[in-house]
Structure formats: structure tokens, C-alpha cells
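The two complexes that follow have chain A in common; it is paired with chain B in the first and with chain C in the second.
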Partner chain A sequence: MATPNSPLWEVFIRSRNGLAHKHVGSLHAADATLALQAARDIYTRRGEGLSIWVVPSSAITASDPSEKGMMFEPAESKIYRHPTFYDVPDEVGHM
Partner chain B sequence: MTAASIQVSEPPLVLYTLRRADDALILGHRLSEWCGHAPAMEEDMALANMGLDLIGQARELYIYAAKVEGKGNDEDKFAYLRDVRQYRNLLLVEQPNGDFARTMTRQFFYAVFADLYWRAMMMSRDATLAAIAAKAEKEFAYHVRHSSEWMIRLGDGTDESHRRVQIAADDLWAFTGEMFVVDDAERGLIDAGIAVDPASLRPRWLKTISEVLSEATLTIPQNDWMQKGGRIGHHTEHLGHLLSELQSLQRSFPGATW
Partner chain C sequence: MYTQALNTSDGDDRHVEDATRSAQFQARIDADERIEPNDWMPAAYRKTLTRQISQHAHSEIVGMLPEGNWITRAPSLRRKAALLAKVQDECGHGLYLYAAAETLGTSREEMVDAMLTGKSRYSSIFNYPTLTWADIGAIGWLVDGAAIMNQIPLCRCSYGPYARAMIRVCKEESFHQRQGFEIMLTLARGTPEQKAMAQNALDRWWWPVLMMFGPPDQASQHSDTSTKWKIKRFSNDELRQKFIDATVPQAQFLGLTIPDPGMTQDAEGHWRYSEIDWTEFKQVLAGNGPCNRDRLAARRKAHDDGAWVREAAAAYAAKRANRPVAQAAE
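Entry: the complex of A and B
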């Protein structure tokens, strides 16, 4: 129900043990306050989160899928960027 | 209908607990009637969530009432096998959903009260009621926020939403007085520190109601004639219809499970 009065919002949740907010979905709401409440009602019903961000979808600048060759393929051949060529000391722990 | 109604003995603490349980069950059922019918999917979820909060509260309270009564009744029997005259809920919570504005107004009037009430009940000398209160208060705090935001947006929205929410506030106002009434059955519990005197909460209730209605550009209803009777089983015509739906399965197929 995308109307001028209920724009789309993207919802990000930080889970109980997660460090960062993760995108979980989107919803329609008239303003930021209602969007936050709707996010709580839709995306945290099973105890998923401790923090919520809502962002107007219109504020997101997205990459163009038709440009994925230019954007992402150059990285595919540079396997030396993966840290698999190094021995990581145990003391470093989780990276 | 083939299943007969149960008999309930109602010493003060049982009666007290059933009254609060019935408030929660009936309002929870009303909200559940919105499932699949709300103006938007987001609000459908919000209404169902609030309904589930209330039905959860009702369960805890019915379980406690059954324990105190000690006559072999249980939560299901209280919910499904009492007739309309045995229900003890406020008239406010049984009022039909009407349009979205009416449902939100009913929720707003009740939740502001219930939030104050259960917050005070956290100090009850009855440990079970105090524990139920601690859970309920958090749930109602959200119901207050959600319904308040909608009152403001509906009242200060379009001419049509303003008109509808003002009519709802005017119509439902006469059912708000019953929340603050104390009868002899509860006076003893209040004196014993088990229950809270609801009359003491009315100034704060009215303050919140007035602030939100003012922000919503709505007029605070002035009529002070109040309808009551729910606490002693004298209900409006709406509760019987609600119960016929809520109870139809257990009345027709006693003990049915799936």
C-alpha cells in the first residue's frame, strides 16, 4: 500500500548478541515514529532485537544491478586479498 | 450449545482477579477481531500483538484465580464456560471495535488507566499479583505509546479522521468512569495492601488523556454521567454476542482439543 502518506522504510535490527544492525526488511508508515513502532511490532515479535533503526527507503542510494560487472567482477580475480595466505596466531582470536 | 456453565465461588480475591482477567480477555478478543481486517498490514500486526499481550495477561490471572478459588476450575473453564452474567469485565472493553478510530480510542482510554494501575500494583503485598503487574505494566506502556500516537495523528489528521475520533471519544467517555469505581468487595483488598485504589489514579489518568487529546486538537468530553455495571455482571448487549463467538466451540464440543 504505497501511498503518498505511507512511504517505505527500511528496518535494521541489532540482535541480542550481534554487534551491528542488520537489514531485516521494510515496511510502510506515515512517519518515523510510526515506522519505529511498526518495526517493533513486525520484526521483534520473537525477541529478535535490542535496537531498531528505521531509514526512509528514499534516503538509500543503491548500486545499479546492470553495473555489477564493472562494480564487482574486478574483485573476483584478486584472491590474494583474502587473509588465507597468512598464519593467524591463536592469540588474535576472532577477526 | 450443550456444555453447561460452571459455578464460580467469588470471595473477594477471586472476584478481584477474575475482574482483571476478564478485562484482559475481552479486550484481547476485541483486538483479535481486527486480524486480517486492519487498515494496513503493519497495523494488523500491531493490533494482534496487543491482543496477544492481553490474552497472555488473562491466562496468568485466570490461573491465579483458579488456584485461589480451589474448586477445580481452570483458565479454559473461566474463559469458555461462564455465561455473560458471570463475566466481570468493564463495559469499556466489550464495546464493539467500530472503525479504527473507535478501536484506538478505546485502547487509549483503557491502556492509560491499565498502565498506571499495574505499575502501582507492582507494590502489591500479593506476590503473584505483583509479578503479573510487572509484566503487564511494560506491555501497557507500549499500548499507551501506540494508541497515543494514533490519537494525535487521527485527531490532527484530516477532517474525516478528526471527526471520527472525536465521535469515538464522545461515545466511549461514559464508559471510563467505571475504571475508577471501588465496591465493598475490593475495599478490603485495598485496605490490606493487596489491591490499589483506582480512584487515586484518576487525576493522573485525566492529565494524560487531556494532554494527548489537546495535542490531537480534540475536545475533551465534558459529560460526567457514567455507565457502569460490568463488575457485577450487568453488561451491554455486545458482550453476549462476543461470548457466543468466543465460546461456540467449547459449548458445542465440550472438551474439544486439537
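Entry: the complex of A and C
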């Protein structure tokens, strides 16, 4: 009954022209061709996409969620990067 | 779909863990944050979810068998195409769920083996036979209807991958229920024989469907921690009551009789049902339902018959991977 574990792939789908490919889930397949076919059958049975990417899960390098505080701190302390930080008098109108 | 009934205990496995981390974890749950695969989680949370999601996945896969039984005998091409699409969806649901369960650290191969060896369960409902075409209607209308009741709250489950899988499943499940109801409606408006066939299917499926929601609240183990962890948002009895209140008017519309002569509507509009035969439920869970042996035998045969395909695909992938780079890039 034992079968070699087949590699895991992450599936990304572009749902409409002009939109980015978005992660929709993962699946197992022996190689890229089979992964693409399986992705079509599993994730696009109702016309969900125009284009599919499959990426070996092992190729993804991820940040560590437990270090998210340190990782994203540089952005949190820089409120002057947002337009709302700056005062523009009402008389100036929309800017 | 069918997880509620499967929350049976395999003993208290709450380890003594880092109290600070456990408290932080519970605080995240209480703040309605989603837990993601690489986040710290108590071992018991991981174990409960692995069991629940994998058994949910097995149920989708085994659930293809009773319906697949009628694909070649569907009464028209339209019905055949719809049933084929529905069975294909169940397979897709099983795969979304295996993928969600795998993020907890158990491989799909291990989970499938646990099902094939009988170590891991699937929903008791699929151990009942589909004797007539009307059973396909009853499954869609009642079994999928009950599954939707159970799955909608799971879309807000605290574990991110499970909740996201459930959102996809729920979107697709609504077609299943409508497809089933349409079959029942056509039969109910057909000849007296067709209507009798629909009634007979309702008679046989009603009680097993009510059992899908699991044991009554006072007898249900595991519920407390599952509720605390926001895996479970409603109790078995609450969901069962919601299902019955939604289904009774549909049966009345069909002109069919729910096989519970003691059923009455109370002052608040809830339909009060008679006692459920829990010995039958326990018997089916213990492996003594009408089709338990058939279902497992069919799954084992499909798994064994497919072994050469998996081996060939792996061998081909290995051969391609070992080719010189220039050739592989042709």
C-alpha cells in the first residue's frame, strides 16, 4: 500500500485579465505537467481562471510569523510615509 | 462536509504545555484571529484538527461511492452530466481538505492509509445504500443540506486553511442541494409510482441524516475544547434543530411526509422531533452499517488498482529530473 510521497505544489490563478495571480491552495503531483493538469481539475471547475502557475512548495522561502514584530517594525514607525501625515489647508482643495 | 459526528474522543491528550504560550494562543483565538500553519499551537489543537479535517476529507472521498453508483443509470443526459459534476466536486472537496490537513504536519499518504486500514473514520451516512434514483435526490437535498448547515459555521473556524477550504466547499455545495431538491420535486410531481419512490427515499434517509449532526449535546465529548478553540461554533443539537426547521417546509412543498408521526411545531415555530435511535448510529460507526465493508473494500481496490499509475508518474518524474540540463530544456 505504501506509495512514494509525491511533491507538494502551490497553485496560483489569474482570475481576470489585469489581475495578479493569486494563491488558491496546494496539491500533490509527481511533476509540473501533472501538477498543472490537477490544478485545472481541482481549482478551475467553474471558470475561475485564465492562467495557472504551479510552484514547488519547497521553492518558497517564507518569513517566520513568530518574528513578524521585528520583521515589520520598520514600516510601523514611519507614519510619514502615508499621505494623511501631511496637513494641507482645506482651501487648497483636493490634492 | 460531515464532521460533526466524528468528534469522538480518543482520551484526554491535553499535554502540560508552556502556560504562557497557551495563554497567548487562547488570547489570539478570543480576539478572532486566524491561526496559520507555522504559528505556535497546542499539540491537542493540532491533533483535534488533523483528526477532524482528515475525517472530513475521507467523508468527501467515500461520499463519491453511493452517488457514483447511479451515474451510469441516470434517467437523462442532463441528470447524468449534473451527477457527474457533483461527484467530481466531492473529489475536489476531499482534495482541498487533505491539503488543509497536511498543513498541520501529517502527509496525505498517511491520512489515506489511516482511512484504508480503518484507523480513521468517515461520516456514518455513507454506509447507507442508494437503492433507487430517488436516493440521489434525497442525498443532494438532505445529506448535502445537512452538510451545508455544518459547514457554514466552519467557514469562520479559527484555523485559516480549514476555514478557507470551507469557503470554497460551501460555494459549490449549494448547487448540490438544489440539484437534489430538483430531482425530488420532479419525482414528487410525477406518476404515483415516482412520488412513492421519493417518499420511500425520504423515509430511509431522514433518520440517518439527523444522526449526521452527531450525538446529543449532553453526550458529546470534545465539544468544550472545540468550542473554546472556535473550531466549533454551534452545538450538535443547535445545528440539528436549524436543519429540521429549514427542511420541514421544503418537505411540505414537495407534498412528502417526514417519517416522524410525533413531530410537532412549538410556540416559537421550532419543529420538535422524536427520539433518535442512537444505537443504530453507534452500530454504523462501529462498522456494522449496511455498506461499511463495501465502502472500504471499494476504496482499497481503487487505491491498489491506482498504485501502478502513481509509481509510473514518480518514475517518469525521476527520469526527467535526472536528464542532463540541456536536454531537459528542449
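Rule of thumb we're sticking to: the second predicted complex is superposed on the first by the 75 of 95 C-alpha atoms of A that agree within 3 Å, B and C clash if a C-alpha of one lies under 4 Å from a C-alpha of the other, contacts with A are read in each partner's own complex, and residues count from 1 in each chain.
As a convention for this text, contacts are C-beta pairs under 8 Å (C-beta built on N, C-alpha and C of every residue); 3 or more make two chains touch, one makes a residue touch a chain.
In this text the structure is predicted, and so the values were computed from the model without any measurement.
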{"item": "Contacts of A:Q37 with chain B and chain C, given as first, second, both or neither", "value": "first"}
{"item": "Per-residue touch tally on chain A - higher for chain B or for chain C", "value": "C"}
{"item": "Which superposed partner A:D64 touches (first chain B, second chain C, both, neither)", "value": "second"}
{"item": "Partner chain in contact with A:R45 - chain B first, chain C second, else both or neither", "value": "both"}
{"item": "Which superposed partner A:L8 touches (first chain B, second chain C, both, neither)", "value": "second"}
{"item": "Which superposed partner A:K22 touches (first chain B, second chain C, both, neither)", "value": "neither"}
{"item": "On chain A, the residue positions that both chain B and chain C contact, one per complex", "value": "1, 6, 27-30, 34, 41-42, 45"}
{"item": "Of all residues in chain B, those that touch chain A in their complex", "value": "40-43, 45-46, 49, 142, 145-146, 149, 153"}
{"item": "Parts of chain A lying in touch with chain B, wherever the complex brings them together", "value": "1, 6, 27-30, 33-34, 37-38, 40-42, 45"}
{"item": "Residues of chain C touching chain A in the complex", "value": "36, 38-40, 85, 88-89, 92, 95-96, 99, 102, 107-109, 113, 116, 164-165, 168, 172, 303-304, 307, 310-311, 313-314, 316-317, 320"}
{"item": "For the chain A and chain C complex, residues of the former touching the latter", "value": "1-6, 8, 25-31, 34, 41-42, 45-46, 62, 64-66"}
